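Okay, so chain A shows up in both of these, paired with chain B first and chain C after.
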Partner chain A sequence: MTLNASTPPIAVQALSKTYQVTDRAGGFGAAVKGFFKREYKDVKAVQSVSFEIAQGEIVGFLGPNGAGKTTTLKMLSGLLHPSGGKANVLGFTPWERRDGFLKTMTLVMGQRNRLSWDIPAADSFLLNQAIYGLSDAEYASSFGELNELLDLKEIIRKPVRQLSLGERMKCELAAALLHRPKVLFLDEPTIGLDVSAQARIRAFLKEYNRRSGATILLTSHYMADVTALCERIIIIHHGQIKYDGALSDLSRRIAPYKLIGLDFDDDTVVDLAPYGQPVTRENEDGMQYVQVPAEKVSAVTARLLAEQRVRDLTVADPPIEDVIERAFHE
Partner chain B sequence: MLQIYKRFWAVNWAAQWQYRANLLMYLAYWVVSPIVFLAVWSSIARAQGDVAGLNAGDFTAYYLTLLPVDIVTASITIHILASKIQDGTVSNALLQPVHPVLTNVLVDNVAFKALQLVLFVPIWIALVLLFQPPLTYTLGSLLLSVPVLALGFLANFLLSGIITALAFWTTRVFAINEAYFILANLLGGSFVPLAILPGPLQGLARLLPMQLWLYFPTQVALNRLSAGEIALNTALLMGWLIVLFMVFRAVWNAGLKRFSAVGA
Partner chain C sequence: MRRILRVISAHVRVNLQQDLAYRVDTLVNIATMMAWLGYDLASIAVLFGSAQNINGWLAGDIIVLLGVFRMLNTLMMSIVWPNTELFNRGIREGTLDYVFVMPVNSQALISIRRIQVWQVVNVFVAAALILAGIATSGTPVSLGEAVSFLVLMVSGAALIYALWIVLISLTFWFTKFDNNVSLLQALIDTGRWPASVYPMWMRLLVTFVVPIAVATTVPVQALRGELSPLEAVGYFAVGVAGFGLASLVWRAGSRRYSGASS
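Right, the complex of A and B next:
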């Protein structure tokens, strides 16, 4: 299969995956019965999913646990055979697992280790150099670039088991990117990291994408990852795509309302029910919030200013977490 | 490709050293059962004068030769890989453009036995001094046993790769391996030298591959086989190598299609 400039690096058509899982009740009787006769049920993890991703795009692949995100990424990286449908990644059918395909993509699974725990990461990097057939010059240049972005020099000399989670994740990312893949599948790349380590990994991914033009499909439960990196998101739930479009359009399409934040003179608590739906927010900034339909914002704001002694007023989009949560369940 | 094997060697050799205490325990496990068989059979032979033409000295020489042969040709593939297939962590290796079994796992096996041999040699010398077996090695028989051992290891490695790949289908692969292990010890020449097995069972054992990495190399080293017997067994070994390689490839590829990569 050939790949020309107009072919998207990732194209998925009606991709499906059904798992067969054993099904038995708890208890001794059921265990004995299960020993002689196993019962199975089908779980449709991914159901006829289709999308295309253009070269250089960073797309957030979102959904609650068990939605089918990881299963989709595993099919696209060649680990799983689908039950149906087609996928084309860089001109290859992923599950045929050709060397040419494996050499041009990478899958990073958060907290999963590619590195051997018993030896310094530097040794695993050299192993990857051989596995991916990088010349010394290619390796030096690729490592130099990753070192510049991730500051690896010191940490790669320690055995991996002695690294902190943040340090290990940096090394995992570097190991996964040494061969300069053109397509990156990232499954929860910042999971378990503290806020500053998350921010560093995000900055790195953004810069890597800018420099290399690599195409990135990433899943994350951290909305900060998504808002920092992805202009486009795909939302999947129960194995089906619920939304595919710009992150900025999501609020408008899924949750066409705004939040008006109010601070009243003398810190009075005002009953906001006549103006819209009062909401409690967790940030405890001392303000009261009311949710109103987007088209009524100016009218409600005018009423509030006329009827109440307002000291401060803000109008904001609903938090992205709420919008996505709503999108999952629509 | 050579560079890939060299790097895998560097990584696995370094990693094996981290587990040398673990290795000593494995070694104890490896040494105990042949010593028990040695003691049992040589006592019986001493009491009866001989067993099927083998005297106490023959049994001692046989088992003290079988010991290093077993270490060299054994495969630990199931211990390296089966749990990774079951818990999905083999995914990491499957993402790389090399065959995980024919590169990393193979080299890991070799690194394991290389270090095991380093620790085993002084134990073996002590056992030889203790039992004083009539070792009938010649320079020629020892040199000839080198390629026989290498081919025997490869065949055993492929068979254990086939058993390990069953982990794609069943979570009970260690139970299957235990059953196989007992059968292999019986038909390979560990429980008894093949010559003592009853007729039909002995005929079957000689055709099956297990004796080709236990009994056959031991007899080659002890210089107890004619040129014709060596040629015949080597041909059989080559034939089994081809068959086992083809079966391994088919089972592995079918396993990958079934792989569900759960939890990883």
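Right, the complex of A and C next:
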């Protein structure tokens, strides 16, 4: 099958995955019973999920643990056969694992190492060169580009076990991208990294996407990843899609309220309950916050200014973490 | 096929660099290997100091058998055991996932990710033992015997490799199965001696269940002219069939594979 410009590189239709897991109660008696007779139950990890992703998009795939994110990524990268539904990635059905498919996509799992610990990353890169059938020229140009973005030269000579987590992730990404995939499935690519390493990986992904036009579907528990990279997000919970749309629309749709931050003269503490729902925020900026429905913001602000001795007032969207948290549980 | 060869040669190169980088380790390994060779030869000398033959096997035959066993054991030590460890770790940690997203035959890839290249020294030692054994026994070897010996040695090794693939594939069905190869590991040393020295139950075990005898005793029997052409073809066919069957089992197992967690 050939792709034309209008065919989305990722198209998913009613994709479902049900696992059979052994079901046994705790305790010794149940363990003995389970040894002789297993009882199974079905876990619906993904239930009839549908979406399309356009060429060059970076989409954040969000959901609490066990929501079905990784299962979906595994089906899209061909590791898992679905229980039902269809998926088309770059014109291929992923789980048929055709060479043409495997050569044009990549999967990065932040919690699982691709690189061998005992050998320098440079050696693993050479193995990948052979596995993906890259000519020396292709390899050199691909590596040159990745090196320019990730500054790999120094670190790829050391055995991987001696690298810091951040350095290792750079190498993991490079190893996953040497064959210039057109679709990237990234499962928690920044997990465990410190803030500055996270920022570097984010900047890299953004630049890589800009240069290559690759389509990226990524999961992350770090909202900073999502806000920096993704204009669009898909929220999945209990295997079902709860939201699919622009990140900027999410708060309007899911949490149509604003936070009014207030600082009062003489630092007095005012009971804000009459104005809305007082909230405590983690950042200790000395301000008091009250949550009010979006349409009432101007009225409440006017009342506050009239009735209280306000020194400073800010109006902000609720933090994205809260909004997403709310989206999960709706 | 060309890509597989390219992937194999890349792995050999990278692993050889490893062996060279850790040269003390490699030299100690080679020295240990030589010490075991001395031990093996000494035990043969002790045995034949008091006996003319063992169940009809002369000293020369036993030395040839030792050479064949060493060839097989080199396969196990250089490729099979190291890759078993890597495979089991990959199952536990979920990193085996990456094997299945690579555009290369997954069975071939899991078989060659680790190669102790220095063990190639052992191949020469084994070949020398085989030649020395033939010289010791003094019986002339016909071309047909030599060819069937070589072919059965290769098909026998292929059979053991196939058994290994089947055993590790079982992990796909049972998930927690770290002992997948322990039976093979425990029995491999039986290949040092002709199958006929063992009690009947053991002989049946190493011929039909874990066919180490097929990979060691049988080729030497071919060399000694003890196999009928039909038997020789039969054993060869078993090797080829085993190899094919193993790749079917691997494919079925890998379809079941769903990673260490959802």
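Rule of thumb we're sticking to: the second predicted complex is superposed on the first by the 330 of 330 C-alpha atoms of A that agree within 3 Å, B and C clash if a C-alpha of one lies under 4 Å from a C-alpha of the other, contacts with A are read in each partner's own complex, and residues count from 1 in each chain.
Here is the rule we use: contacts are C-beta pairs under 8 Å (C-beta built on N, C-alpha and C of every residue); 3 or more make two chains touch, one makes a residue touch a chain.
The shown structure was predicted, so the numbers you read here are calculated from the model rather than taken from an experiment.
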Simultaneous placement of chain C and chain B on chain A, clash or fit: clash
Larger contact residue set on chain A - chain B or chain C: C
Which of chain B and chain C A:Leu127 touches, first, second, both or neither: both
Which of chain B and chain C A:Asp99 touches, first, second, both or neither: both
Chain B versus chain C as contact partner of A:Gly66, first or second or both or neither: second
Touched partner set for A:Ala14, first chain B, second chain C, both or neither: neither
Footprint overlap on chain A, comparing chain B with chain C: 19, 74, 77-81, 97, 99, 102-103, 106-107, 109, 112-114, 116, 118-119, 123-124, 126-127, 129-132
Complex interface listing, chain C residues touching chain A: 3, 6-7, 9-11, 13-14, 17-18, 93-95, 97-98, 100-104, 109, 113, 255, 257-259, 261-262
Residues of chain B defined as touching chain A within the complex: 3-4, 6-8, 10-11, 14-15, 18-19, 89, 91-92, 94-98, 256-257, 259-261, 264
Touch list for chain A against partner chain B, complex: 19, 74, 77-81, 97, 99, 102-103, 106-107, 109, 112-114, 116, 118-119, 123-124, 126-127, 129-132
Touch list for chain A against partner chain C, complex: 19, 45, 66, 68, 70-71, 74, 77-81, 97, 99, 102-103, 105-107, 109, 111-114, 116, 118-119, 123-124, 126-127, 129-133
